[in-house]
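Here it is: the structure, laid out below.
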């Protein structure tokens, strides 16, 4: 008897765990599972900050008008702990137990990869801002939209810059050190393709384990083989480790490019040794994009800094943009039916402070370019693409004995 | 893979660089492993929370330096505070697992480790932290061999603390009490040794060693709240290979683990670096067992 | 009050209990369809705890590496579904068969190599093996390396996927339960317990201890492999370290659940898994940001104050009463 009773308690408890809160008729609830703990938690917090900032601003301005009714926005959060297993479960839980009909994306490609099949199955539109892996957009998902540029774009600029400046690009040799996680491995694929296009040769191709914080073996290899370009990708830890150890070991490469160096604050933390480094970024406060909600990109950055007491990383900016995209789609759909919202999303064509947003049939944003910063005199200066360049590229990087 | 091996063999000075950097990294692991060996030997506890104590020690040094404390003082400060943390941890949780099965202690300290992880995430934030000591590096053989001063200091410090620990256990009154308790807690207790206090001091000492290792780690590399596990598993592996109560063995195992790991990372590619280390540990255990089994057969 | 309930439970014949619970499990996903996946994970946890207890509870060999067989199952099934070119259900069936087969082979190989190692060093060796397996999977590009593998989408109608996997997982859990229930009653089960109680004596009595240990491990590996294949499909995505070979989550949980319920008993792991899973889900919902602190404290509390588990506690209580009442 007790066991039967226990089973009933179990059911009751599980129901309570996913209790559907009484729905306020005048709010639209968006669901989000972000990494508040685990290896992606720095970026997970940026993501949440970005979402919150946009929701607060939209609600301040009166909310979203759908048909003839005005709604406020609200986000239901869970912590996915940076693991895909948790992410997939939480997506299901948000939809099934919390009754959420629209999802904002998690942080990182691996997590989006885990959640997209779930949202697709239930026909719940998901607008994500932090999963850039190109493989996500080859699966034919209909309910997945990404405001950011895909991974193949991240370091394309660096390869392009090197290739276009060289008399014979096929002579160039590339060394790659990428963290062994879905995001960085996808960036790697993009770089490999770009290198092939120019006929460049890849001489080092190391995959760094996520919990490794020493890359001296890889750097010794780089030192020995003297490539023309060194490309590193491994979230903040990778950027930080690389900048430090390259200087420590005096590894001379004419061009060093990486991801996540602005959020790792390499220029602020490391000063001179970070000079000349190229950083791939989705967005910069200095770009001249603007919209009604936040104003100019620089105004968004100022607002963010005022609210969270730290400079605005692009991860937050793109997350805010994802909320804007949803708000825009709700208004245009004139209905809260997920299918109608999805159709409206696919027709998105808007200008935001984060950049233009227009989705192709696979759901990726095709209108916004990525940019490359270079650390120049302690500042992140946009050097690529030409159209946005604030300064000329400083190249080649002088050898360490001349710095 | 073969290419990498050839590359290394053709450039002995670079090979030296790979080995040397590995050795120096191994010294920091050895420092944390002393503590684990001590706790394992004296309290019979496999301390899974070791890595988190190392990271916590690193954060303390980071915070101290942020408050203007110079690096050479931040390290002992962090070690001292970590002694207190270890001492306190003993009287809150650890004392309950001392006389329990080893397996229970593994799970209990694992539980502690996830508590400390999330607390560090809440208190210190999730950003990757490191301290630039500004000491720089020195270069040998045409710049082929690079040695960061901080790593060299770390290595020297690890060796000195190893020697000090050995002397302490051998000659100091308290050290002798610790050894006596390790050998036979009942007898030690009967002879008037306050075994509870000895355990607490041992665990505190472990905390101090972790504090020192962590301070060095944050100066030589980077830390963040979830990076503890590599330190735990490496200490663990070092102790397993070295055997208990063997300070010299810990030094040797730590240094060679570091060197082997770095060479493996170079030759096999970084992706197999950790797999190699663990596969090696399993093989050592299997081999030991096989040898012991053979001896058993001969005896019978 | 507690004693009264315990007496009542004891009064019910086991077949009645099993039928009651079985019926409840069969109607549960229809009564609460939104919980179907949660409940399927509950069955996964039950499989984890039960299979861990074969070695950990019945044989006295504490393994931290059982998650290897789960991981092998995940990948075996995923690769078949990716490469076989068969329709969904056929590919899934073939994948699960291969998952079980590979897990079995792996258990035989690792068992022969490791199960001669006694005591704590066995626990350490399996821990090392688990980590190494995850890292090797993360380096092997045929199975997606660090990028992981995405599983094919379920072809059925909306809502049917949850029910389908719920029942598959339920079938594995019940299959596992009845297999073990039968096994523990045989001579083989007695031999397992003999090894736990005194391995040297058991060996002296002429038992082939290593063979028995290896076979026992292989039996649990088969169910873990199957569960891995199904779990991979439920999750939709495999990451080498965080899903397939996740020693720090699944690997530790399986041990905890068995201990919580009571090692070395048939019902203990089942009860432990149910309680642990529900508690964990409640933490994740109501303690956002502190859930891991709560979980960690729970783990410490379980092993410190409850090492004999719920079944052990019940037994001790009955014994103490038996002494008092004449």
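Labels A, B and C are assigned to the chains in the order they are written; within every chain, residues are numbered from 1.
Keep this in mind: a residue touches a chain if its C-beta (ideal position, glycine included) is under 8 Å from a C-beta of that chain, and two chains touch if they have at least 3 such contacts.
For clarity, every value in this text was computed on a predicted model and none was experimentally measured.
Distance between Cα centroids is largest for the pairing of chain C with A. When the interfaces A-B and A-C are ranked by how many C-beta pairs touch across them, A-C comes first.
Rounded to a whole number, the gap between the C-alpha centres of chain B and chain C is 32 angstrom.
The distance from the centre of chain A to the centre of chain C, with each centre set as the mean of the Cα atoms, comes to 36 Å.
Taken residue by residue, chain C touches two or more other chains at 135, 138-139, 145-146, 289, 292, whereas all remaining positions touch fewer. Within chain A, the positions touching two or more other chains are listed as 37, 180, 207, 209.
Among the residues of chain B, those touching two or more other chains are numbered 117-118, 229, 269, 271, 274.
By the touch criterion stated above, chain B contacts chain A in their complex at residues 4, 7, 11, 14, 17-18, 21-22, 25, 117-118, 121, 125-128, 130, 132, 136-137, 139, 143-144, 146, 148, 221-227, 229-230, 262-263, 265-266, 269-271, 273-274. The touching residues of chain B, when paired with chain C in their complex, are 46, 93, 96-97, 100-104, 106-108, 110-119, 122, 229, 233, 236-237, 240, 269, 271-272, 274-275, 278-279, 281-282, 285-286, 289-290, 293.
The touching residues of chain A, when paired with chain B in their complex, are 37-39, 41-42, 44-45, 177, 180, 205-209, 211-218, 220-221, 223-225, 236-237, 240-241, 244, 248-250, 264, 269-270. Within the complex formed with chain C, the residues of chain A that make contact are 1-4, 6-7, 10-11, 13-18, 36-37, 77-79, 81-85, 88-89, 92-93, 96-97, 110, 113-114, 117-118, 120-123, 133, 135, 139, 179-182, 184-186, 207, 209-210. By the touch rule above, chain C contacts chain A in their complex via residues 5-6, 8-9, 12, 17, 20-21, 24, 28, 31-39, 41-42, 135, 138-139, 145-148, 150-151, 153-154, 158, 161-162, 234-239, 241-243, 246, 249, 271, 274, 278, 281-282, 284-285, 288-289, 291-292.
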